[in-house]
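What follows is a single structure, written as structure tokens, with notes after it.
Going by the order they are written in, the chains are A, B, C, D and E; count residues from 1 in each one.
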Amino acid sequence: MWLSRPFNERSTRLFLLILVLAVTLVTILHLALPPENPLYVSGYTVGLLGKYLCYALLAVAVDLVWGYLGILSLGHGAFFALGGYAMGMYLMRQIGDRGTYGDPVLPDFMVFLNWESLPWYWHGFDMAWFAFLMVLLAPGALALVFGYLAFRSRVTGVYLSIITQAMTFALMLAFFRNEMGFGGNNGLTDFYDILGFDLRSGATRLGLFIASGVALALGYVLCRAIVASKLGRVCVASRDAEARTRFLGYRVERVQLFVFVVSAMLAGVAGALYVPQVGIINPSEFEPLFSIEIVVWVALGGRATLYGAVIGAILVNYAKTVFTGVMPDAWLFALGGLFVVSTVLLPKGIAGVLAYRRKQRNESDTTEVPA
Amino acid sequence: MRIPCTLMGQTRCHAAMTRIVNLWLLCLLLIALPFAAMAQDDADDGQALLEALDVRSFQDKAEAIEAIIQSEDERANDWLQALLDGDLQRHKDDGRFVIITDNVGREWPARDALTGEDVGEISRRELSRIDINNALRSQLRSALSMVELYTGERDERLDAAEGLIGDVDDELADSLESRLDDEADADVRNRLNQALAVYRLEQGEMDAVETLSGSLNSDVRIALSRAAEGEGAVADAARAALVDIEQKLKVNRGLETLYFGLSMGSVLVLAAIGLAITFGVMGVINMAHGELIMLGAYSTWMMQQLLPGHPGLAVLLSIPVGFLVSALVGVIIERSVIQHLKGRPLETLLATFGVSLILQQLVRTVVSPLNRTVTTPEWMSGSVAINDALSLTLNRLYIMAFAVLVFVGLILIMRRTRLGLEVRAVTQNRAMARSMGIRATRVDILTFALGSGVAGLAGVALAQLTNVGPNLGQSYIIDSFMVVVFGGVGNLWGTLVAGLSLGVINQILEPWAGAVLAKILVLVFIILFIQKRPRGLFPQKGRAAEG
Amino acid sequence: MLKVDKLNHYYGESHTLWDLDLDVPQGECTCVMGRNGVGKTTLLKCVMGEESTRSGRILFADDVELTRKRIEERSRLGIGYVPQGRQIFPLLTVEENLRTGLAARADGKQKIPERIHELFPVLHDMRHRRGGDLSGGQQQQLAIGRALVIEPRLLILDEPGEGIQPNIVAQIGEVIRTLIREDGLSVLLVEQKLPFARKYADRFMIMDRGRHVAKGGIDELSDDLITRYLTV
Amino acid sequence: MNLWQSMARRDRVFEFLAPAISPVDVRHGPILYMEDVTVSFDGFRAIDNLNLTIDDGELRCIIGPNGAGKTTMMDIITGKTRPDTGDVWFGSRHDLLTMNEPEIASLGIGRKFQKPTVFEALTVFENLELAMTADKRVIPTLTARLTGDVRDRIEEVLTMIQLADQQAQPAGILSHGQKQWLEIGMLLMQRPRLLLVDEPVAGMTEQEMERTAELLTSLAGKQSVVVVEHDMGFVRSIARTVTVLHQGSVLAEGSMDQVQSDPRVIEVYLGESEEAA
Amino acid sequence: QDDDPIKVGILHSLSGTMAISESTLKDTVEMLIEQQNERGGLLGRELEPVVVDPASDWPLFAERARELLEQEEVDVIFGNWTSVSRKAVLPVMEELNGLLFYPVQYEGEESSENVFYTGAAPNQQSIPAVNYLHDQVGVERWVLAGTDYVFPRTTNRILEAYLKDEFGVADEDIMVNYTPFGHSDWQNIVSEIKRFGSEGKKTAVVSTINGDANVPFYRELGNQGIDAADIPVMAFSVGEQELSGIDTGPLVGHLAAWNYFMSVDTDANYDFIDAWIEYNDDEEVVTNDPMEAHYIGFNMWTEAVRKAGTTDVDAVKDAIIGVSVPNLSGGYATMMPNHHITKPVMVGEIQDNGQFAVVWETPSTVAGDAWSDYLPDSRDLIADWRKPMECGNYNVEEGECMGSDAEEQAEEALSED
């Protein structure tokens, strides 16, 4: 089976091992240790880590299209946000009549803005299966339509990047509009529970953290499977010489569309897991700068490696957390400096350094053997 | 002559007051002008007059103002002007009235309102201001403008006459008639005629309609529509005149929209044109472009700080300064970061993103996180009136001209100098260009400096329109990329056309769809347009572009 | 004119050129030959500075140590380079492509020499077309023309006849010969086509897997050498 | 779940769109048929009323001055350039002008480019793997496996093009000539019905040229081959029919000897010296 | 334990788009803490500020709030500016039982057990301001221009209803206009306003335009020659700080409604300003309404802590209701049971020195109303956090506490059994 192919790769196995160990360890440290213990992992940290994992999955999705397909998407935040909104809508509906106005159907902000009834696109989101389906379908459909148009007319390079940016920018403006019925600038927030579990309980948050870990693992394996397949090589081929690939008989636009849609769906899943953990989804997730930032994570971690994207996402966000805490006035210097220095010094990102190290070690190993 | 305001509605009272004050000022003027100023040394009189101003109620203040005018005190003008400017203040302890000459900081220099002698700096804690409100302000202003009608320069007379349209009553009409005879300037006469015609139209005179027809002045239109409500010949004529006016207004609105569009477009072009060089020609995805714009804007502010009191000169000087500052920063960025990323264009995105964060925070730390004030010089503020319904804002006119200049300059540099050729050669095939003897490093530095400098110029212009703050750049970076790409990467003309057309489209859509939706529609338009033309407005065609 | 001494070059870890020696006498045409992938292009790139060398010396005009010069200075010394794969600037017009060569001219003249248009009339006809739109052979002609704009003292040609129609190939050969005779130009040529090499080169050098294995006057190029080193 | 979803979607959206490839029909005539084809770029007629037919199994050489339009002709056949007017048929069933590049490629038209274009980031082996005839739709490509047969075939071609040693290296580092060979190898993997070969021997040594000539002649018969080349020695060694293109249309056509002695061809193309040779 | 400093969390963006407004609030709280420490601290303990930067990123606000409460274990938080950031933080506050003082005027329609709203509710800003325009200026036509988000939307809805009901304003005399955040090209809108205002009736603009969009807006007003005397603009989001970035020359006479102006002529205010100037070591700094709100909030909190004798959140929550502290305009602010405070409402005119001159003031302070009386759905709601009601949205019609908290209380009651 093509899906099992990644498990033959050492790097994937190693990645999964580390991920599983890390998640388990955090879980154990969180549950088993008393808060006084210096090794205790607080609920706050668990939430933080869960968020990082979502970002990591998002970065993997971006790396799939950027690293392997050569599509620099500056609009992946849109798919992330759409997934998030799908989840957010579900969570809103779960509130039921516990909202401030006590309306059993309408979310607070609708009551507040005098909406008479639920807009049609809000229907169905009270059912978990439907909402979760939409988490995949909404970003997938957007990617499908958008990608179909763009790839069909062979929009490439910066042109593609910029229209993805235009897409997310337009969506941001649209979602900001209160008429859209997604809560405008305030977005969706003040959630109570998910699948019947209380979102304000530590256990649920731990569960979400583990779910994020699982999603990341699955997403990673899926991407690896695509990349390691012949399709992955077609992707790389079309990245480097699109026209040539066509002359070999590959329908490049379909390959691009397929991978783009898969990537969008992964981004959607990441967004869906992100929302209950941070407790809010608002149009700022659509901001073009956020999408650029995702690309920066990937570049920092190392493009076209997938695990590099994971490292980049976690590292940058960890750095952000630390810096904003330690030096609130100057953290942008640190972050900006990190981007600059690492690009200049690490041309292939962190993954590049790791690969280089490994290569060196291997070489020293092999030279030792004959001696 | 006194009208008890309490018996009237507040606004109507003020209108009446205005008229009274106007007349009084007029008299004052007519009397005072021929005679030399008489010495006024009984200070008590003045003190009393001013004291009457220091009351809470604005009605009472209006009366006090009137009293001042009636007093025929020669310092009245001074007081009223100070009052209008908010400079008339009272010392809390000794009750002395002073006129402050500067109101920045905690200690304010002042002079005595009665004697005019300098009293040094006074802590603002010690002072309490004689407040006025909008009603009083317009009362004072129209009073002063009446004076201008008689004594002012031509433009002032014109403004004053225009302000009279719709405000003429019986008493005023007579004095205006006589003023009309003395007035030499045709435009002013025309205005005065209109003002009188509106008055006569209210009296139901037919020939007034004739005078007024075709005028785009809003007060005239109001008068006409009021007249049109009635019955009879005058009303019919008024209706006909209105139809004609509406027609003209429509045309004017179209022109206005076009102007708005072009002016918005030239802002876009200015913001994007530097990027068209660094990104379009050199291929550096320069996320710090916005910050370079911001630095240009800050140089305007800086120049104005350095040259207080000469905002105009400062703005002019900030053109070269803004260029140099941004160009210099551009060179630093190029040397420290971008030169290490040769052949890795996508990574320039990452590094310059970092640079943009650093620059933003730098400005926040070094200058301030708050917006800075940039003063619009006299000659750039206001607007030129094409007619009563269409006036073009001056600052935007200047910016449009500036954009054209910058664009032409750039085109010349890129077309006529070796730099233009060399930079394209270097970006297309660096190794080969060097093998042909082109000093690639120098070309890189110069080009990046040029692109950055132009961004600085954009900043100088934007400082006249929008916030000068650390976030300035971020609000333009996305638009800039959009414009460059829409026009076709590497094509300066494309950038020009793209910027202008996006501006016009936006402004056409805006009244119809609202600002938010218009923006969304423009974005959707760009997306769809790129489907049709995957390489922008002016694509590079043929084999060459493919590879 | 050009003297290469014990040159070593690496692509990363792989050793491409091994202690390579080469001599291009003034006013002669030296032809480098060898199978695909033996390192001919790499050698030329080292001379031009596009590849940096690990060790060895490259002397130009007896006294200029090229390895210490930056690329752009090398061409300014009077080295014209026609690379393999044409390497024209695709988005510049033909004329602009030619004008890039003006940067390296010692005399600072800002006009494209007439001779080039005489030699390649097609470049004149198509001067407003973009380089990338030209046909393969036209591009090759452009590449040669561009190198000649410099009016070089040493001309380096990497398979110049590739993709050019026969009569023009012959013409190019003649031009090279004239330039050598009249202007004392020196030529370093990489060429696979024996007839061409035999006709226009004065000396040869054969490379095999990064080493030089034979050299001499062109008359000395024997069938034995050919079967040994140029046959698969 | 995510995965199955996406796969299901893929199936629904794309695969039914894929046209069933029908084999080329050559019962009633030539395999390639171009009639009155004209292309102009900004007013310049690169191809001017070109008429050309290639028979099934034929090996045709096309020569002509630089800029005659040879490469452009191939661009038209492979769908890269759309002609302004004219007809291009593959067999008697397929109107090539209605198809896009991948469709044309999957009909069985393979091409070697004048400037070698290989996938630089992929290894030599992978380059060949991608070129191989297979079901090239998305899902089959995703699930494709490297069977022993395929591997054997690739190895075979690798030895043929003498890149067996470099098979695991990225194609980007190959020398110019090696890339030429790799392209030929990719063409071989593709097993097309019609091969369009643009300057196959540029940068090759005499002996390699001979090998290429052998290779191409051995292919002819089963497959049709169109070769564009400026090396007269090479053309002479393989040519049966030669077509001379000039300024976008056919100047002369016939056997090598006929063409070679045609004064017009000598004037615009061969030159005096070549005739002497 | 007792010598440990009392930790005061400060949750204001120091970077990103909101830094421009929020960073001064951070400084304000730090200054207040410093002053308090100079006065010997609180309950004999030092106060220690814990500053974090949520970087204008809303989810980050929630995260940072959690960090402050869970990791840093602060006793109180002063923070937030935008509504959305407050909304993001709210669940965290309620979950971890924190104390938040929110200093900015907002759209109302909210009352949380854990949040104290020291900024103005709509009835403390917009309604009095509109009254002023109608009564004192004689405005008959209204332009309601705002940025497209909740605060302007709600405010304008309330105002529209109010204008129609109260003054009988006709539909065609109200023009509503929304623009995106950071809108910078105002040409069309200003020209439309100009046209709308030249129909012969006195017209005013009620502006809920937010943040950076104001500068280009006012500039365009000035350039198109719209004078305050013709069409005054009454702004709800433009304070001294925003003006400090604008050349106010052409804007003289335009209005703003707040509960405090820097130009307020009281000694308390001058003391505060002097301290602020000294703290920043900059003669040019300005104070504004949200700063006063923090000043009040901080003093209320210290007062309540002193009253309760502990920083324990529940004790402080109980103690603070009814606490009165002086405000900067010479009166007193009292914490109401609905967690809003009493405030005077003032209208100021812009001066050429970037200050406002107060031209009108409510005769007495106004108590903040969490639930607007002019919106149909909230008309019947009240908030009262005193025992035994302890409810943020009590429906007086139905006589029950709506929504979540009822549920929670029921659960609590169950679990206590």
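Criterion: contacts are C-beta pairs under 8 Å (C-beta built on N, C-alpha and C of every residue); 3 or more make two chains touch, one makes a residue touch a chain.
Values in this document were obtained by computation on a predicted structure and should not be read as measured data.
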item: Joint neighbours of chain D and chain B, given as chain labels; value: A, C
item: Components of the interchain contact network lacking chain C; value: one piece
item: Reference chain D; chain at largest CA-centroid distance; value: E
item: Per-chain CA centroid nearest to the all-protein CA mean; value: A
item: Most widely separated chain from chain A, with each centre as the mean of CA atoms; value: C
item: Pair of chains joined by more contacts [C-beta pairs], A-E or C-D; value: A-E
item: Rounded Å distance, chain A centre to chain C centre (Cα mean); value: 52
item: Between chain D and chain A, distance of the C-alpha-averaged centres to the nearest whole Å; value: 43
item: Chain centre separation in whole Å, for chain E relative to chain D (CA means); value: 73
item: Where chain B and chain C are represented by their mean Cα positions, the distance between them in whole Å; value: 63
item: For chain B, residues contacting two or more additional chains; value: 360-361, 474, 516, 519, 542, 547
item: Two or more partner chains touched - positions in chain E; value: 14-15, 148, 180
item: Chain A, residues touching no fewer than two other chains; value: 173, 176-177, 243, 329, 332
item: Chain B - residues contacting chain E, complex; value: 9-11, 85-86, 103-106, 125, 128-129, 131, 133-135, 137-138, 141, 218-219, 221-222, 226, 256-257, 260, 263-264, 267, 360-361, 364, 369-376, 381-383, 391, 393-396, 464-471, 474-475, 506-507, 510-511, 514-516, 519
item: Chain C partner contacts - residues on chain D that touch it in the complex; value: 41, 44, 64-72, 114-115, 162, 173-178, 180-181, 198-199, 202-208, 211, 230-233, 269-274, 277
item: Chain C - residues contacting chain D, complex; value: 11, 35-37, 41, 84-86, 122, 129, 133-138, 140-141, 159, 162-171, 192-195, 226, 230-232
item: Touching residues (chain side chain A, partner chain E) in the complex; value: 42-44, 47-48, 51, 95, 97-102, 109, 111-114, 173, 176-178, 184-187, 189-192, 199-200, 274, 278-280, 282, 284, 320-321, 324-325, 328-329, 331-332
item: Contacting residues of chain C [partner chain B, same complex]; value: 48-50, 70-76, 81, 83, 87-92, 96, 99-101, 103-105, 130-133, 146, 150
